[in-house]
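Right, I'll just put the structure down here and ask away after.
Letters A, B, C and D mark the chains in the order given here, with residues in each chain numbered from 1 onward.
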Amino acid sequence: MTSQAQFLSDNAASVHPAIWDALRAADASDAPYDGDAHSASLDEKFSALFGRDCEVLWVATGTAANCLALATMVQPHGGVVCHEEAHIEMDEGGAPGFYLHGAKLLLGEGDGAKLSPDSIRAVIDPIRDDVHQVQPHAISITQASEYGRVYRPEELAAISALAKDRGLWLHMDGARFANAVAFLDVSAAEAAGDVDALSFGFVKNGGMTAEAIVFFDRGLADVARYRRKRAGHLQSKGRYLAAQLHAMLDGDVWLHNARSANAAAQEIAGACSERLMHAVEANEVFVRCSAAEREALRSRGFGFYDWGDDAARFVTAWNTREEDAQALASAISGL
Amino acid sequence: MTSQAQFLSDNAASVHPAIWDALRAADASDAPYDGDAHSASLDEKFSALFGRDCEVLWVATGTAANCLALATMVQPHGGVVCHEEAHIEMDEGGAPGFYLHGAKLLLGEGDGAKLSPDSIRAVIDPIRDDVHQVQPHAISITQASEYGRVYRPEELAAISALAKDRGLWLHMDGARFANAVAFLDVSAAEAAGDVDALSFGFVKNGGMTAEAIVFFDRGLADVARYRRKRAGHLQSKGRYLAAQLHAMLDGDVWLHNARSANAAAQEIAGACSERLMHAVEANEVFVRCSAAEREALRSRGFGFYDWGDDAARFVTAWNTREEDAQALASAISGL
Amino acid sequence: MTSQAQFLSDNAASVHPAIWDALRAADASDAPYDGDAHSASLDEKFSALFGRDCEVLWVATGTAANCLALATMVQPHGGVVCHEEAHIEMDEGGAPGFYLHGAKLLLGEGDGAKLSPDSIRAVIDPIRDDVHQVQPHAISITQASEYGRVYRPEELAAISALAKDRGLWLHMDGARFANAVAFLDVSAAEAAGDVDALSFGFVKNGGMTAEAIVFFDRGLADVARYRRKRAGHLQSKGRYLAAQLHAMLDGDVWLHNARSANAAAQEIAGACSERLMHAVEANEVFVRCSAAEREALRSRGFGFYDWGDDAARFVTAWNTREEDAQALASAISGL
Amino acid sequence: MTSQAQFLSDNAASVHPAIWDALRAADASDAPYDGDAHSASLDEKFSALFGRDCEVLWVATGTAANCLALATMVQPHGGVVCHEEAHIEMDEGGAPGFYLHGAKLLLGEGDGAKLSPDSIRAVIDPIRDDVHQVQPHAISITQASEYGRVYRPEELAAISALAKDRGLWLHMDGARFANAVAFLDVSAAEAAGDVDALSFGFVKNGGMTAEAIVFFDRGLADVARYRRKRAGHLQSKGRYLAAQLHAMLDGDVWLHNARSANAAAQEIAGACSERLMHAVEANEVFVRCSAAEREALRSRGFGFYDWGDDAARFVTAWNTREEDAQALASAISGL
């Protein structure tokens, strides 16, 4: 299968040139762990991006980012409200149970894998305030969601207002946060809303091995540093991770990459609007199609995942070529 | 401080050129996680190196390697016999407690941070076989040890015989395994002895972000794969880690690098044999010297860690230049 | 409110006279923990009851019994298939997450809080055999169920056949196992089926502070002994717990008590068959009734829990008096 | 062996008559768990005893009391400073690792299993404030200690001052707290000092199945309630545990019992002062004696534990008869 046919996932794409340059530039020996100059300047750079003070820890994976962030918010006897199709529930191999020491995911519903104040209340209101039931300590939402749907700033405001009202921490899984920002065409701060911690993904967006946990609460960050080491995620040569984050932020590479991926997804979506399972707002396109139709697409060299029996998932990446997206769009149109 | 003065640690050194080449070669998109071609061929390559079947998982850090390996061997209610100055006890931020779900480290003694059958028996023999005391499930030794001492093959044989006799798993922390092999001038298999799993370190030896867990027991590896994902250590673009391991093994880069580092350490050790706290068998040199002497060395541009009040630790790396080692040797001689 | 009006729960009832006698008889000093004569003879007595070898551990609560049993079956990275309304999911304050070190409950559906092979397959068949998803390690069913429904021997056989076929352990939460046996009018062995461990409840059935975990697999029991101590459930004066279990088994007190409770429940059920939410097979009666009707019953002195907005739960106990059950039946009839 | 010969332990002694009366009086059905009247009035009664507000939770064992208390004080990534021979380190089967989710015990030294500010500082001062080392979160001391030694009020004051200075919580394992109070002849408050939580033991002192955790910090108690349920230690018929605690406090049964046990220990100690390993301040007597001497004592019907190769441990209980203590004293004198 040739690379142009690859719509399987954004998580195996090649690395952006700026990353390579940054890695090379970071090669000179420096202090180990996160004592290096690259790591030391991350807080400042992300604070500038978000327009408010934050502390940033690099980690290698989104699973580690999500679970470390949540581990600072949730006591082992507590729970996290999340969508029933959230990545932390479905695809992290039980990592939240590990990192949160057995805390429970409390599952909510909502179209497009998005929670709303109503769906959150439907989870937490029936929980009696007694010791027999796991009490919620935090809410986790995904921006963009697992179905490529994006929370609008007013939706975020409503959720964070509920969180504050109930005394719950708010976490955002931003594995595709860049795509959400690109779609909303607002600042990073507006796309994040008033969350306490954000898992800001870069690997799916042209990075190699570095994600960021952005803490907007200093106390949480202080705990996270210990938990990161304890989880074996404090890498010796952390400068190579920090350098990737810098490379992505410098010149807004992260945003340009996300715009490219989103545009490719729109190209595809435009060709099959009647087949879409979910509005396309990021870089994932869920298309209803039969097994025979999927077979036809595969025979033409396109790679993608089946989504249940009656659909396919196409994911674009920062480096998806326009002609490839057009070719796929054309192929789907012609089914 | 210029780089030639750097004897602080091997864990922040620059990356070997072969690593860069391999990373570049792995850039083309491939399957995510460990489904890529580079990851798929690791078992074969390490099996050839060790002359027996093994299964290999990449992870980003030595802490993760050690703790994932041990987590497959030790039930949460069990214990791990290790040296009281073992890295897992002293320097991993409680990671064993996390990964092993509260299992206990059972601490033994021994010169140079090395265990022996006698020191192991001194730990386990007093443990009554009842539920009030934590029972040992595994032994962990470090090759080369935290003081740069190396287990001889016959020492390993004696420990593994004891382990088998008592029904204990045997793990080796090989953060500096390459240095041990280089010192012993034997095969990797002989330097590992009959361990069940080896944390084979590469980051301190010229790698960037990849270590290997080498399982000589298939059942343990099967568990480790789930635990790695659950710990957030299954990276999306695993090919960049696998490629580093291949680069290190191809052409015996790992061994050449270790020989270089060891030679530099010998250069230094030769200049101060009467000051040595431990025989120098790997790439660490522990030198008795006063605060004033340390100050004198630092004023000449040499970087290193104090080791308590009366000593200093010098660590060489794969890229320590001969002239720098000679300069340090000369400086220590002249104290 | 007078005691005869108490249909709130069986878990606060008075203690059966045989228990008091047994406690007194156990008062003489004996070996601590489970080294006493009473504890030592439990295996034999339960093995006789079940007609096959088993090993029995006393614990103080059903939550501890369930979670200790499951902890021997499920690795921390695994999962337990149970009903979405199972006690371990709904009412144990996250204890499975604690005892199983973050393992996950995988929730199935089914009328009356009963699982079936189909509903179990609906949970486990969609789970891909890869590390991103939590793999099932065990199944847990409740006999009688949380809605007072009882598994028939052929239903148990079908579930255990599925468990064996898939390599899953099978656990039974028998908080009201006695009521199930009484209803089925079969042997304890037939009511348990081919489970690997049974939490055999006595506290709701006239006991004071002792439940039994019955292990039909020696290896699981061996692990459980360590885990019980580690959970702080190995009581110093264990003879007082063991004595309770003996008192319940001697002369089939457990069965007589359950029959009494069941009969009282039938008395009530007979008066309101058209209002029943679930067939009454044990000692719980779920009755559809409005808030006004519940108020009317309470005004006459009857105690019970609301069950949502439109129903009430009445629970009978070993010592529910026939006249009280009749009075309640009459009151419900008269609504 | 006749009962008068029993000096093995206080943890298997018979139950005090007041306990039996209280259990009987609590038999009438009441609210389940800790919603009963007996449980509800514990706070008031213990607050009166200690002369300051406290909140009290019953649990079945000292291990659960210790570990639940510590679990409210220590984050999973933290540590507890305790003596290297503390019960939580030596005899709880790894329960702290379980309840504290892998937090670490940081072991200190001191005569008679007692810590001092100096020995505590020797543990915590070398710990660098970085993420590679486990940071202390709490201190745990045992009153009376595992060797029957008692902290004087001024010693407690010095330790709590250090704890406050370093921002550490302070826990007291009071499995034999009553014996310490009896020895010191001060108030319970003075014998407890300024601890944040006390595991107040009753089972070794004539109780049956109930210990108390006394929280002097409301926030800790709030967490402990959830953790107790999560650990399966919230018993359905909690009134039988609460009643035991009331019975012990009413009329100072706890203190009378401890005085009796202490007096018996003094009787024995007086006969062998030159053989004592530790000053006898509570109800444990550690006596140097050879294997032959121990054999001689056993042949005369005395029961006790060997303590290593050259000593024996004799423990008296609330119901040790004066003539039995005298007989033992005489027998030791005559060795």
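Throughout what follows, a residue touches a chain if its C-beta (ideal position, glycine included) is under 8 Å from a C-beta of that chain, and two chains touch if they have at least 3 such contacts.
This is a predicted model, so every value here is computed, not measured.
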Least hop count linking chain A to chain C through chains in contact: 1
Maximum centroid distance from chain B, chain identifier (CA atoms): C
Selected interface, B-C versus C-D, where C-beta contact pairs are more numerous: C-D
CA centroid of chain B to CA centroid of chain C, Å: 50
For chain C paired with chain D, centre-to-centre distance based on mean C-alpha positions, whole Å: 34
Residues within chain D bordering two or more other chains: 76-77, 92-94, 97-98, 101, 131-132, 226, 229-230, 234
Chain D - residues contacting chain B, complex: 76-77, 79, 90-94, 96-98, 100-104, 131-134
Sites on chain C touched by chain D in the complex: 3, 6, 8-9, 11-15, 20, 23-24, 27-32, 36, 59-65, 67-68, 92-95, 97-99, 203-204, 208-209, 226, 229-237, 239-241
Residues on chain A engaged by chain D in the complex (per definition of touch): 75-77, 101, 131-132, 135, 223, 225-230, 234
